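The structure's right below; bear with me while I get my questions together.
As written, the chain order gives the labels A, B, C and D, with residue 1 at the start of each chain.
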Amino acid sequence: MSVQGAALGPGMKFFVAVWIALMCIVGVEVIVTYQHLPPRQLLVWLLLLAFLEAGVAAWYFMHLKYERAALTWSLLPALVFVVFMMDHIWPDAFRLASLRLLSH
Amino acid sequence: MSEAAAHPAVHQHTAPTGFIRKYVFSVDHKIIGLQYYGLALVAVFVGMVLSWLMRIHLGWATFAIPGLHLLSSTGAPGNVMTPEYYLSLMTMHGTIMVFFVLTNAPFSGFGNYFLPIQVGAPDMAFPRMNMMSFWVTLVAFLVLMASFFVSDGPTIAGWTVYAPLSAVGKDAGPGLAMGQNLWAVAIAIFCVGQLLGSLNFIATTLDLRTKGMSLLRLPFSTWAWFITSVIGLLAFAVLLPACVLLILDRTAGTSFFIPGGLVVSDHLQPHTGGSPLLWQHLFWFFGHPEVYIAILPAIGIVSHILPAFMRKPLLGPRVIVGCMVAIGFLSYMVWGHHMFVSGMNPFSALLFSVPTLIITIPATIATLLWIGSVYGAKLRFTSASLFCLGFISVFISGGISGFFLAQPSIDTYLHATYFVVAHFHFVMAVAAIFAIFAGTYFWMPKMIGRMMNETLGQIHFWITFVGVYCIFMPMHYLGLAGNVRRYAAFTDDFLVPLIPVHQFITIAALVTGAAQFIFLFNLIWTRFRGPKAPDNPWNATSLEWSTTSPPPFDNFGGRQLVVHHEAYEYGVAGSAGDYVMQTSPEVVKPQ
Amino acid sequence: MGKAFAVVLVIITIISTAIFIFHGQLLWLPEDISAHGHGIDHQLMETMAGSGFLFVLSQILLGIFVWQSSDRAEGWKFKTFPGGARPMVVSAIVVVGLEILALSFVGSKVWAGIYLTPPEPDSMHIDVQAGQFAFYFRYAGPDGKFGGLHPDKIDEANGNFFGLDPANDEAARDDVVVATMAIPVNRPIFLTMHSKDVIHSFYVRELRLQQDIVPGLLIPLHFTATKTGKFEIVCTQLCGLGHYEMKAYLEVMPQDKFDDWMKQQEANQ
Amino acid sequence: MDVSELDATIHAGHAGMEESPYGIPSGKLAMWCFVLSDAVTFSAVLFAYGYLRIGSPDWSTPFTFVPSVLNGLVMTFVLLTSGLTMLAAVEAAKAGRTAAGTRWLWATCALGALFAGMHLMEWRHMIEEGWRLFQNPLGGSVEFGAAFFCITGLHLLHVLGGVCALAVIALGFHRQRYNSIDVEVLGIYWHFVDLVWMFVFPLVYLMNAR
């Protein structure tokens, strides 16, 4: 690994390809949106696509691929862990809906 | 953040001349560390005086405190504290102590001063950002203090500022107009300062270690500061948006934390649809890691100081680091134990209770390792080592009561009683403060180049040690008797008989508080009259002791240190002397 | 110095534990008047025993070791604890681990028994409204139905604390609103609690119950009182300047006396 | 010591220092840490949005394909493209082609500004429709306006900050004040802003599409 960090990229052509792929994912997202799925299914689909998209972007655009694996293995678990922990609020959120006192 | 992008790691190696650049807007991590320490010192005495006033009011509710009206004429007509003013003082006490003392002194203060030195770096990775983080923190402190001087006084919502009390504005009571705004703004600013600091700590620890300073050779204190900065990086990132949303609720009419149909002092509030529990979730998601942001550096500092006075390494050094990491991890899995009876889903309570109980395991391991390390040691009793031992004792006392509060079934009785007050004061406040004292007596010779007075230090220790037990032990009994906290006075039938206990606590608090002025005097006297300190007064091994006291601008006078040893090689068999400095090239024969 | 520290530490430990035990009531606990409370008290005792033991043990150990290592001869070569770190780690994991398992097993049952069980079908339903700085209680009245809540109609001056609308609302007309909660003994009680302004909390020491009342939500709580008497209901969630004096009384009375009381209240409405 | 020199001393395994575990310049590491913490900030806000939405039975989904979703698509296109130009800038900077690098930086800056412009136009449009932080012209939960303006606003702030940073770096890079590392570090930030949008667009726009 040289001083320049991610010195050896694969060149612009490849990045253009990634860029096109990302646009395609966005396109798929919009198409899925108009399949009139029930909200929860739609959410699952959109999240999956969003994570895929974000993953590709981080991996290639943000050059994670070209850094040492150690970097990915330090950042990713931390983020996943924290976000996973935040999920503790959902059981509460759903209960909230059932305990609502007034119409508003 | 483009700061970091724009100027990665600029290092001047020539000291700036001129007072302003050198002492005020200094990029030198040592000056910044002292600035943080000074800020914490101011804050801790402010917070302590507030607690005095509160204690006096709790003991003798009608007692007129001379001159109290100077602090607030509306809050203390005829020098007798009003209930709302009591709540203001309580809120400010909590906020000041948690944010500006327990976070600033052991983490930002000592950390800034000693982390770069302990890793053998000439400075922090981003000196400018470092300076910025201090000045941002100072601004936060000033904004918070300003709320003492606004018309309706500081907020009365408690340091957790639960919505909607904190969100609906002036209708809810005094202090909830401008005072609450200032609180939210101050804490938001504070978060920014901490984030900048954390980035700096992480980069410095990972990137600026001198040759031979492998991660496993880092002193416990450095480990603690590193882990703490990682926790802070992720925790304050949640409090920041939470504060912003709170500010929006208060000023822009949003309803994140305010449900519909509230009638506060006969005004139907215009908000609809929010959830008070959302604030609690966001706040405690930060709030619990914050507890460990306060205590982990303390654990690191004590583990760092003890060996020097035991003349032997701690048992299982790797295990202790492991415990700190484990505690850091678990700190994100338990925030809901602050919300057992908050109306949160009772299922979640069980979910949160288990990891909370599990945290006691690494904590117990660390404690046992300290105790076991004392066995067969040759203890030297100085103020520093006494405060370390005191730390272990209060850490046990505070940790034990965690067993009770971690269980929802018991918490439903003990929640919001003085049992909780006793618990977190012991394990978080007193323990961390003891570590700060230990650190001060241990490091001050290095920081200001003069030895502190031992006699005064030990008097200070004995009064403080006995004092804190007299203050906080009785609070457990009060809690078990169902004495509710955050009451400005005790008028309920079942509380009146308990007032004598409160009076005892108040006297203890006044005495213990007074003893802190011995410490202050000692500090000031040392600064100007104290005897010059040698480079290594305690025959300690880590890098800060292999430079002059105080260190030169670039810490090691241009020398490029090489580390040959673990951080705590005391009484090494096969070594000529009693201890081996990390930098000493001596080859120790393995036995 | 070390000996002094050890002595002081031991004295502190002894006094602290002694005051827990040798006091009027054991552990300073008030009497328990609830059907579920014994579970909580038992859990509390278990925890107290276990953690009290650990507390004394570790403090005394610390004291002893400090005493021993206080004045060593010159040139003393330190001794390592037999077995090094392992016994510490193992004992911590085993002892504390077991205690945790035991506690959370039993404790979870107790908790679930109170907060995760549905109220008895024949429970008496009482509607609780908390506000700065008082509790109000509502009984359904003869028709057994509660009137709807209309925050905009809340008018404390004229005693309409709940925001009822008797004019247009059948059910609301015979609702009994009182400031003291009277309940028959040994009868399951089901509370639905709501707050009109900020978060309050429903706390009765003798019932071993505490539950925050969150604005915007209808918080359920159920219990059975097993002893008659007059007890205090206090607010335990900071709710403003009057927080410290926000309280009401819980009167547990025999069924017949309760019926009389209820008749009287209905007459007063 | 000059910037790149110090980084060289730190990260090229210089005799004086332990090598950094990641082998990247401190600036880059700090930027990654910042991105991490900022990601947590955004997730906190998004979680709050989800929490309130689940709790609101009367949630309104106002976005029609034309103009809202379409507009969102174009904005996504602009932002992704700006990511591409940023990459070009980084590549050029690394290859030492200062002039090209500067040009690509300015291009990125322009696209970022364009994105911000479109965003503000959309805001204006919605405000004219009667959307506020505390008001919902469709009569549903007012939390929609609050969530929408706060989340997109937070993202917009990041974009604007990035645009300013881009301008500064572009100027400095042109004058050799900043080196390729600075450009790359800024790149990480810019791609992160892009990455956040990849969640904002589906969760805030598509989830609320009619």
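Just so it is clear, contacts are C-beta pairs under 8 Å (C-beta built on N, C-alpha and C of every residue); 3 or more make two chains touch, one makes a residue touch a chain.
The model shown is predicted, which means the values in this text are computed figures rather than measured ones.
Relative to the centroid of every protein C-alpha atom shown, the closest chain centre, again from C-alpha atoms, is found for B. Measuring from the averaged C-alpha position of chain A to that of chain C gives a distance of 43 Å.
Chain A and chain D have Cα centroids lying 14 Å from one another.
Each chain gets one centre point, the mean of its Cα atoms, and the points for chain C and chain D are 48 Å apart. Averaging Cα coordinates per chain places chain B and chain D 34 Å apart.
Residue positions of chain D touching 2 or more other chains: 7, 11, 21-22, 25, 28, 36, 40, 44, 51, 55-56, 141, 181. Touching of two or more other chains is recorded for residues 151, 216-217, 219 of chain C. Residue positions of chain A touching 2 or more other chains: 78, 82, 86, 89, 92, 96, 99-104. Pairs of chains meeting the touch criterion are A-B, A-C, A-D, B-C, B-D. Residues 230, 234, 259-261, 272-273, 275, 277-278, 281, 285, 329, 332-333, 335-336, 343-345, 347-348, 351-352 of chain B are the ones touching chain A in the complex. Touching chain B in their complex are the following residues of chain C: 1-2, 5, 8-9, 12, 15-16, 19-20, 23, 27-30, 39-40, 43-44, 47-48, 50-52, 54-55, 58-59, 61-62, 65-66, 68-70, 72, 76-81, 84-85, 87-89, 91-93, 96-97, 99-100, 103-104, 107-108, 110-112, 114-116, 131-132, 151-152, 154, 156, 163, 196-199, 201, 203, 205, 208-217, 219, 232, 234, 236-245, 247. Contact residues of chain B toward chain D in the complex are 1-2, 4-13, 125-126, 195, 198-200, 202-203, 206-215, 233-234, 236-238, 240-242, 245, 248, 252-256, 270-275, 278, 281-282, 285, 560. Residue ranges on chain B touching chain C, taken from their complex, read 82-84, 87, 156-158, 162, 164-165, 168, 172-174, 259-266, 268, 274-277, 310-312, 315-316, 319, 341-343, 346-347, 349-350, 353-354, 357-358, 360-361, 364-365, 367-369, 371-379, 381, 386, 389, 392-393, 396-397, 400-401, 403-404, 407-410, 412-413, 415-417, 458, 462, 465-466, 469, 473-474, 476-478, 480-482, 484-494, 570-571, 573. Those residues of chain C that touch chain A in the complex are listed here as 149, 151, 194, 216-219.
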